[in-house]
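Once you scroll down, you'll see the structures, which are given as structure tokens.
Two complexes, one shared chain (subunit A), two partners (subunit B, subunit C).
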Partner chain A sequence: MEWTMILTKLGEGMLVSIEIFAWTLLLSLPLGLLVAFGRMSGNVFLRGFVKFYISVMRGTPLMLQLMVFYYGPFLLFHVSLPGGYRFIAVLIGFLFNYAAYFAEIDRSGMESIPKGQYEAAAILGYSKAQAFRKIILPQMVRRTLPAVTNEMITLVKDTSLAQVISVSEMFLAASAIAAKEASMLPLFAAGIFYYVFNYLVALSMEWAERKLSYYR
Partner chain B sequence: MISIGWKRAAWILTVCLILFLGGCTSKKAETVVPGKFTVGFDQEFPPMGFIGEDGEFTGFDLDLAAEAARRLDLELQLQPIKWDSKDMELSAGNIDCIWNGFTINGLEDKYTWTEPYMANRQVFVVNSDSGIDSPADLKGKTVAVQVDSSAETALKDNPDLTDSFQDVITASDYNSALMDLKAGGVDAVAMDEVVADYRMEQEKNQFAVLKEKLTKEEYGVGFRLGNAALRDKVQNALEDMAKDGSLKTISEKWFGKDITVIGK
Partner chain C sequence: MDRSNKAAKQMDRTKHVGRVKEKMMVMEIRHMQKSFGNRKVIRDLSLNVEEGQVTAVIGPSGSGKSTLLRCAALLDPMDSGELLYLGQHAAVTNADGKVVYAHRKKMKEIRSSFGLVFQNFNLFPHYSVIRNIIDAPMTVQKKSREEAYWAGRKLLSRMGLSDREDSYPYQLSGGQQQRVSIARALALNPKILFFDEPTSALDPELTGEILEILRDLAAEHRTMVLVTHEIEFAGNVADQMVFMDDGAIVEQGSPNEILNHPKQERIKTFLNSLKRRRKGICY
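Moving on to the complex of A and B:
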């Protein structure tokens, strides 16, 4: 295969990987925050349920979760899977998995903020919602940025797991080309693509950290 | 108590309804997507199904499927799948059939099959400089197979032979298994002769195939158990292709000779 064709195919796969990355981040960051609230809730049933959810999502392989979300509807309800559900199942699996991780990161961020901040906010007349939005959240974001960056980098590489339900992301594309070419070179090329992608992610997050560290 | 809102409830209900109705219609229609013939195949299995020089899916089996679809007046829809999920993909209704160097032997009752269209053998591939000449030489050695392949089954059915091996390991695809062989991680790979021959063409002098074959078997097209209606249509198409010579033409294109067995 011409190397231009190989790069094109890898590029197409990369687009799918980027799609998974973008959608997952967009949806799981807010969901993670909600789950964190649930985890810290006063209601013992809600807290228990959320703890169970986090424990299952973090405690089982993402690969397995993707297969459960994809084949589950058919196995449990005998519902035939509509075309296009493949990608949706990937998004659902990644969303719930990463929301669990982000929830714990957010919880650690919020719990590390000194009680004094909450007290000062109350004295100054902020409502709970205002205090959260204007005082707690910005500090939490700053504290959790390195951990979130870690998760984002892991996410870039985890997109390759979508191949277990035959979503044509980059690693599967590289694998198929490697089989055709009887060579491992396409897989190494895929490795370079992943590295470049991750490098850009790490670079942007470093920039974000610098912009937010106005007290140092 | 959070109110879920009428709009959101209606949306969720619609999605459920679509999934449910999707299930209903699929059971009655002949193909999982009306008007299309959805073929499931392993895209890492040259020369039966793989990505060609032009970046498109190609292969002997895919060419046969394209011709059959044309004769059935259906649009060919190629769906690459993971080989070890083929049963799930088929029963879940993602694909109409599995057409990919699919061995009938041993699985006659699990699928609704066409008549065999090609003969195949499971063989042992070794490094040409390994000094291994027969399966007996594999005593105390490590052998690799693709997970859920007929080679894996063949080895399981041959405990006398397999017990003499040091180990049998499974790989997710043939490329990794053969890489392992090249690198010395395994001593032999048990696989389809058709794919082994393709690989040897690509890398002359690296590999050798043992003269003594593991099994003789036949390839067919596998449909969901009970889907005789579609199977019969495809069977008829294949027989027509055998009669008017197009089967022979496709076989010669890929293998230089007619190795099909339909109508013979």
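Moving on to the complex of A and C:
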């Protein structure tokens, strides 16, 4: 294979990895917040259901979950889905898995805000939604930032799991080329890619933490 | 319902005719009860607060003073009794003995009639001093930024904090933080202002600055309920004094009656123990 060819293949894989990362992050953060509300709900059934969902998502391998989301529809309901479903299945799997983790982070963040903050907001006449948006959420984001950074870094590396349902992300692309060319170099390049990606993630989150540390 | 209609009519008369001198009740508590688990914290307590009146609530720790305030401010639900603001029911006890609170829309209106200053300030740490004061007027009362800002500036200068507008709460002393929280409460222009031991979290040398502001507010005839351990100060500013013990009002009257001529033995004991303690500190 020619070098340009190899670089194109790796580049394509890289884009897929970045896409999985970006979509998962974008969708699972808000979904995680909703799940956290469900987890803290006064409704026993909702709370129980959400607790069960979180424990399954955290208690089983993401790799297995991806397979279930991809093969499940056909094996269980004999629905055959179009080829593009492969990538959708990856997104669904990552979304539900990461939302569960983010939900627990959000919950711990919300519970760490002193009760007096909720009470002051109530006395001043804020509705529950206003109090959450203006008083609780900003303080919660700051408190949960380090934990969210951890999850983001794990997510970057987890994108490589998409290969179990043959989505050609960075790692699968690299190992395919490595096998063909009988060379370790493509895998080494993949390693560098993950490292640089995570370095940038850590850097931007550090910046965000600094930005939010204007108060105590 | 009957009662609230009557109160509303009275209000009308005062407003339009001005001949009826009867003072308006800003807050009425009737037969309030509250328990935490098996422990009764408030026992059948009734209290009225007239417009322009400063009410001081004193008594030993654990007598239920703060709980009374928290129930009145709708932070804690009461177990039975009635609660009215400006003649409107915030809570009633129905025939089954259950407390029913007003509906959301009415509750919003009722909530706007009182403010509360907390013992430990509870300022919003992520907001600057001025934002702490003007955010509620903008968010809750939908005032324009301009209007809220100028009102906020005025309050800040009154609190002697004009130069701290852009500071964050953590940069202020406890006394300054408490002054900001008083300004925050005043910004919404409540009909009645509750103070829950506003100087208890402060160093002794900082309580003076807060008491001075309270004295100022009292002189303006703002309607206030003050839960405090500063007995002497309370005696100076209050129109009505309430002595609480074990969840009930032991005696209620003018500060002079309560502090100098108490009828109840319990009050004498309490006041004497305070005197002894103060002497102890002096020596």
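Simple rule for what comes next: the second predicted complex is superposed on the first by the 210 of 216 C-alpha atoms of A that agree within 3 Å, B and C clash if a C-alpha of one lies under 4 Å from a C-alpha of the other, contacts with A are read in each partner's own complex, and residues count from 1 in each chain.
In this text, a contact is a pair of C-beta atoms (placed from the backbone, for glycine too) under 8 Å apart; a residue touches a chain by one contact, two chains touch by 3 or more.
As the structure is a prediction and not an experimental result, all values here were calculated from the model.
J.: Go through the superposed model and pick first if A:Leu124 touches only subunit B, second if only subunit C, both, or neither.
T.: In the superposed model, A:Leu124 contacts subunit C only, not subunit B.
J.: Quick check for you: in the superposed arrangement, does A:Leu26 touch first (subunit B), second (subunit C), both or neither?
T.: neither
J.: Given the touch rule stated above, what does A:Gly83 touch, subunit B (first), subunit C (second), both, or neither?
T.: The first partner, subunit B, only.
J.: Quick check on the superposed pair: does A:Met184 touch subunit B, subunit C, both, or neither? Answer first, second, both or neither.
T.: First partner only, subunit B.
J.: Which partner, subunit B or subunit C, is in contact with more residues of subunit A?
T.: Counting residues of subunit A touched by each partner, the higher count goes to B.
J.: Once the shared chain is lined up, is A:Pro73 touching subunit B (first), subunit C (second), both, or neither of them?
T.: The answer is first: A:Pro73 touches subunit B but not subunit C.
J.: If you stack the two complexes on chain A, which partner ends up touching A:Ile192: first (subunit B), second (subunit C), both, or neither?
T.: A:Ile192 sits against neither subunit B nor subunit C.
J.: Is A:Ile135 touching the first partner subunit B, the second partner subunit C, both, or neither of them?
T.: Touch partner of A:Ile135: subunit C, not subunit B.
J.: Check subunit A for residues that touch subunit B in one structure and subunit C in the other, and list them.
T.: Comparing the two interfaces on subunit A, one with subunit B and one with subunit C, no residues are shared.
J.: Quick one: which bits of subunit B touch subunit A in the complex? Just the residue numbers, please.
T.: 18-20, 22-23, 26-27, 32-33, 43-46, 50-55, 79-82, 85, 88-89, 91-94, 173-175, 178-179, 199, 202-203
J.: In the complex of these two chains, what residues of subunit A are touching subunit C?
T.: Per the touch definition, subunit A meets subunit C at residues 114, 116-117, 119-120, 122-126, 130, 134-135, 138-139, 142, 214-216.
J.: Spell out the residues on subunit A that touch subunit B in their complex, using ranges where they run on.
T.: Counting only subunit A, the residues touching subunit B are 1-2, 5, 8-9, 67, 71, 73-74, 77-83, 86, 163-166, 168, 172, 175-182, 184.
J.: Along subunit C, where are the residues that touch subunit A in the complex?
T.: 73-75, 108, 111-112, 114-116, 118, 120, 122-126, 135-136, 139-141, 168-170, 184-185, 188
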